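Read from first to last, the chains carry the letters A, B, C, D and E; within each, the first residue is number 1.
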Amino acid sequence: MKRLINLRGGRGLRIALALLPFIVLATAYIAIANQKTEFNPNQRLFPTAEQMSQTMTRMATQADMRSGEIALWADTRASLQRLGIGVAISATAALIFGLVSGGIPLFRAPFSPLITVVSLIPPMAILPILFIVFGTGEMAKIALIVIGITPFLIRDLQGEALRLPEEQRIKAQTLGANSWQVLIRVLLPQLTPRLISTTRLALGSAWLFLIAAEAIAAQSGLGYRIFLVRRYLSMDVILPYVAWITLLAFIIDRALYLISRKWFGWYHVDEQASA
Amino acid sequence: MKRLINLRGGRGLRIALALLPFIVLATAYIAIANQKTEFNPNQRLFPTAEQMSQTMTRMATQADMRSGEIALWADTRASLQRLGIGVAISATAALIFGLVSGGIPLFRAPFSPLITVVSLIPPMAILPILFIVFGTGEMAKIALIVIGITPFLIRDLQGEALRLPEEQRIKAQTLGANSWQVLIRVLLPQLTPRLISTTRLALGSAWLFLIAAEAIAAQSGLGYRIFLVRRYLSMDVILPYVAWITLLAFIIDRALYLISRKWFGWYHVDEQASA
Amino acid sequence: QHARDDFRIAWSIYVGWMPWAYADSQGVVDKWADKYGIDIDLVQVNDYVESINQYTSGNVDGVTATNMDALTLPAASGVDTTVIILGDYSNGNDGVVLKNARSLKDIRGRQVNLVQYSVSDYLLSRALESVGLSQRDVSPVNTADADIVGAFANPDVTAAVTWNPQLSVISNMPEANMIFSSKQIPREILDLTIVNTDVLKANPDLGKALAGAWYETMAKMAADDPKALSIMAEAAGTDLAGYRKQLAATHLYSDPANAAALMTDPELLDTMKKVARFSFEQGLLGPSAPGPDVIGIRTPAGVYGNRGNIKLRFDPRFTTHVEQAK
Amino acid sequence: MSLVYAKNLEKHYGTDVVLERLNFTVEAGEFVTVVGASGCGKTTFLKMLLGTEALSAGELALNGASIPGEPGPDRGVVFQKYSVFPHLSVLGNVMMAEELARAPVLGKLFGKRRRRAREAAVARLGEVGLDDALDKYPHELSGGMQQRLAIAQALMMRPRILLLDEPFGALDPGIRGDMHELITRLWKELGLTVFMITHDLEEAFSLGTRVWVFDKVRHDPQAPNAYGATITYDLDVDRNRDMKAAAAATLARGASATHPATEEV
Amino acid sequence: MSLVYAKNLEKHYGTDVVLERLNFTVEAGEFVTVVGASGCGKTTFLKMLLGTEALSAGELALNGASIPGEPGPDRGVVFQKYSVFPHLSVLGNVMMAEELARAPVLGKLFGKRRRRAREAAVARLGEVGLDDALDKYPHELSGGMQQRLAIAQALMMRPRILLLDEPFGALDPGIRGDMHELITRLWKELGLTVFMITHDLEEAFSLGTRVWVFDKVRHDPQAPNAYGATITYDLDVDRNRDMKAAAAATLARGASATHPATEEV
């Protein structure tokens, strides 16, 4: 018998083990929900699978009385749009500032301490200020995402630029590159895939800020819905919405990963097969 | 004249440049605040430096009539306590699960996919559920921090354990180590400094979750105060509180870094001097 | 439910509920709880909706709420609820504020920031009704109660419905006007302290202790005790003058006799009927509610709605009990 | 009975054959050096001895029994890199083996038992010339010192077999000489059986009592991975000094060229 | 006028003296190989030629003028690692120099100009034997192929001087032979002046027309960093084959021992 740390099991066993916790959790939940519902048919905390699928079918097919829109899709569209715009603005700004700050020491000297301090401010704390500045329209939500993730992205890209071997900058200069050319031909193309992988990391926070902003002031959006229906303890809406958000987050993350692999194969060379 | 990317400037210049943006921002703010106040002495959006220092002096010295406590310190204590407990629980859980998952393939097989999915759930979305499950006491706030950062910490430590050179595990076994000894003598001591550095990263999120939870349900705390006084647009409280939170975040971050350097010098060998 | 001896009551910041802040911190509640040999913990919740959630989900045994929210949130969720204290009615403490508008009609087509499906929504409906408009003519933006202030400071936000203390802050902003207020619908927005009926049945002492503490505090307010008022003001994040101003827009029933009288008055049943109808039209009684009368409401004057499903009860006995004790 | 014995040993990764038809016996006390072009499977072979790679076919016996499927204290190892623990001091690295043996739960010794382990470790560190650096951490040591430490560490539990994968590949020429002396001395003093991979032919011949050259003897240009490498020369160093040239030629050519069929050695 | 000229050149880091009293002249077309113990300052010297390290004292002239304080297209360089751009294909790496020269704004060429640059690059890649791998990325190449690519890339803009810092240090012995041939051919064909650092004495003597040995000639046991290394031997290879032994002795001893005062070479 091998030592425990050396036991790996075959492919089949590993797949079975991977599915196991999900099956156990799902089964346990359904059992609890059914039992609670049997005991008290009006309980709302543990909706059964049927209740949830009914509610979701309604939310995914019937138009809302007030707005005439189908809630699930309207919410999804609103949230994804805010997320997309916010993340796009952040990524663009981060690429530019990360590049310039990582590449030009005299820019980095004043900029790097500033961005370090800014990145320490918890964005949630300035949410009241954001509402004052941007109102309760789309701007405030997008601004929260941008303020929330851009400093992190910039610092990461600046760090990545500094980690690129000094040899590359020297080599480029021996090939005749001026400062601008070093930035756009050596640093920029190598920061781009890093931007994608860092954005994947930051998306978790972006979702957080989006939901936080939607929770406090919004007319639509996935976070809006969750915080609106919480007052009826409508777990039959909240739970599927949380699952739906998780699925969306997963899909976006995988899509970015696959795009990055396809376009920037050289960047992923060192990755383990499991990433 | 050297190329821009090769210009670094002396030490004095670099320090001056580092201070520059802070001085510019502070001066600009003071000018705006003074001008607005001159124009309308009752405006509350841009409190002057005097107003803020008065308010803060009051909050830092005078006892609250109702509770008999000094607001700033009571808030700080409450928040730091929640943050501390939450982060301590997360770090402990992450060290244990990261160690076991990173070290034992048969545990990792079911655990790793589960924690990946869990880490994708935006904790803000389940905030309403947390309040329902844990009530509005300290538990819910601590639970939000724990749920928010633990999956990230676990995944990071698991990844770090997998990145440790295979050679070390083999070497330990050739020295007679069994599975348990490989875990506690090879993996554990090398994961500990990583835990500190990852916790530093996660503290940003921990602050966020703390403030988000305090915003909705709390009777004290830095986030509570900010969200309490926003009813009156008391920027003279909000702005210094944000600055205070940022300072606390900075101090905690540096303290962890210095502790890590002191105890785990070998871990910091590759770091650049600037980190 | 069986007898217990410790209870939790949640409250949130609103003029009419600040007495609880005083009663809690100055030991009034403890004194009355000790008298009945029980323990009562008052919990402040920063967000109004969350405080009611805590009650509905059973984490606390009682909460402060308006009559409408008591009906549409806990009662509609199946939590049998008893009103033990009718503290005041809003007499200008809830209002519709518009920027650059002279009449309520100007609200047409605007985005309105409010806590959706709350008593603000009710006030908005009543306001729209009064000028022949309906909810379809405006576009609501759900905004947490306390964040309405910050949002209203932004020029793009031009209409809001909220309550005090936020209301007084935003109606003082430049170009802002309070154009409709609860003064125009007196005795329709009632601020209550409600308790889970089952808990109360098993532990009537809870109701007695709460009522006792409440009316002891009310006596101080009636006497205009500056210390008590200052403590309440501070807890609300304002000063004595500001708090006095908010109180002016509140019709406090500091005398238990008056409160008991309103509870027994048939007018209350009428008001609740109106509120139930509005709530039904807004879909607040649940997606499957067949009519405004699904939920039974019992007042001393009678029952409105489904007698087999009584979930909201106005019970003046605790108020009268205090009165007799005096 | 010979210490290590292989019969028709093979190793495949999927359809790629890395090693095939390995047949040998090694007696206790031999010093086998292994040379061969990059990627020909030397490390793979060592891993099979170590127990971290499974055999694909054939037999590999240690002490007459099938080789264990995982590393154990009977086979010490020194890699080119990552051989010592970065989080332990020089002393800690060398005491590790004894601590593991005597403290099954904590893996750490205290008090008197620790002092005894420490003495043994200091003595061994003296032998490899590291007694000045007891409390230093690996990152404070030069490459040569790190490899000395790795060797001292590997030998603490007196393994019968010592496996070395290019242990001096990253060192300066000057330092290599010292290391050669050290390893030869330890081999003799401790009666070890050594398998050492190297890229340096000089080193292979000066250290080993037996030099193996790994190479492919069969080659299919259409499917370069269809056939694996095997031991094409098995040179007894004392008797075959002159064969060095042949081995050098094999190495210089690399694995890309075809090879005259030299199936029997 | 000589191409490179140094007079009393020194380099300090703080109070540590790394190099001192360097005096030499190098004519165009020479092939200077530099050997010396690890840490004696060879790379530091190369960096001063490259322009990435400032001089601390003395003079260093290129073409009669003081050496520029930053790298430029007149001095090509090949490092041991990181010499090629991982994000560019083989072709992209070699075309880079021409693209930078002809496209100041985008640094990229298109259309006809690109085709012309491509042709030149393909020709150069043919010379180094990489014409089969035009569209591969560096990570798909072996170590030897990567260094060929780095050399081809460095030579595209026809620098007068080529600086090499242990360019073949990480390569297999077999492959090194090919690389030696390649670099010798390019040096002759392009009329380059080469400075090459190596740890391998054999290599130094077989490639260079002139071998420099860096070593400390003065040593203070109390302050090991008070004195720096200098050029202790400056050997004209064709005339001084027999001096190789002396150089070898210096190297083997390493920088830690004291040295007989050999101030003049």
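A few comments on the model shown:
Definition applied: a contact is a pair of C-beta atoms (placed from the backbone, for glycine too) under 8 Å apart; a residue touches a chain by one contact, two chains touch by 3 or more.
The structure presented is a predicted model; accordingly, all values stated were derived computationally and were not measured.
The chains that touch both chain A and chain C are B. Graph distance from chain C to chain E, where chains that touch are one step apart, equals 2.
Annotation: A-E is the more contact-rich of the chain pairs B-E and A-E, by number of C-beta pairs in contact.
Of all chains, the one whose mean C-alpha position sits at the greatest distance from that of chain D is C. With centres defined as mean CA coordinates, chain B is found 18 Å away from chain A.
Chain C and chain D have CA centres that are 81 Å apart. Centroid to centroid, with C-alpha atoms defining each point, chain B and chain C lie 38 Å apart. Separating the CA-averaged centres of chain A and chain D is a span of 47 Å.
The set of chain C residues touching two or more other chains comprises 53, 57, 147, 150, 153.
Within chain B, contacts with two or more other chains are made by residues 3, 6, 45, 128, 132, 173, 178, 215, 227, 230, 233. Multi-chain contact residues, meaning those touching two or more other chains, occur in chain D at positions 70.
Remark: the chains found to touch one another pair up as A-B, A-C, A-D, A-E, B-C, B-D, B-E, D-E. Taken together, the chain E residues at the contact with chain B in this complex read 69-70.
Across the interface of their complex, chain A is touched by residues 49, 52-53, 56-57, 73, 76-78, 111, 113, 116-117, 135-136, 139-144, 147, 150-151, 153-157, 283, 286-287 of chain C.
The touching residues of chain A, counted against chain E in their complex, run 165-168, 170-178, 180-181, 184-186, 189-190, 264-267, 269.
On the chain E side of its complex with chain A, the touching residues are 50, 52, 70-73, 75-77, 79, 81-88, 96-97, 99-101, 104-108, 137-139, 153-154, 156-157, 159. Taken together, the chain A residues at the contact with chain C in this complex read 42, 44-45, 58, 65-66, 127-129, 131-137, 215-219, 224, 227-228, 230-233.
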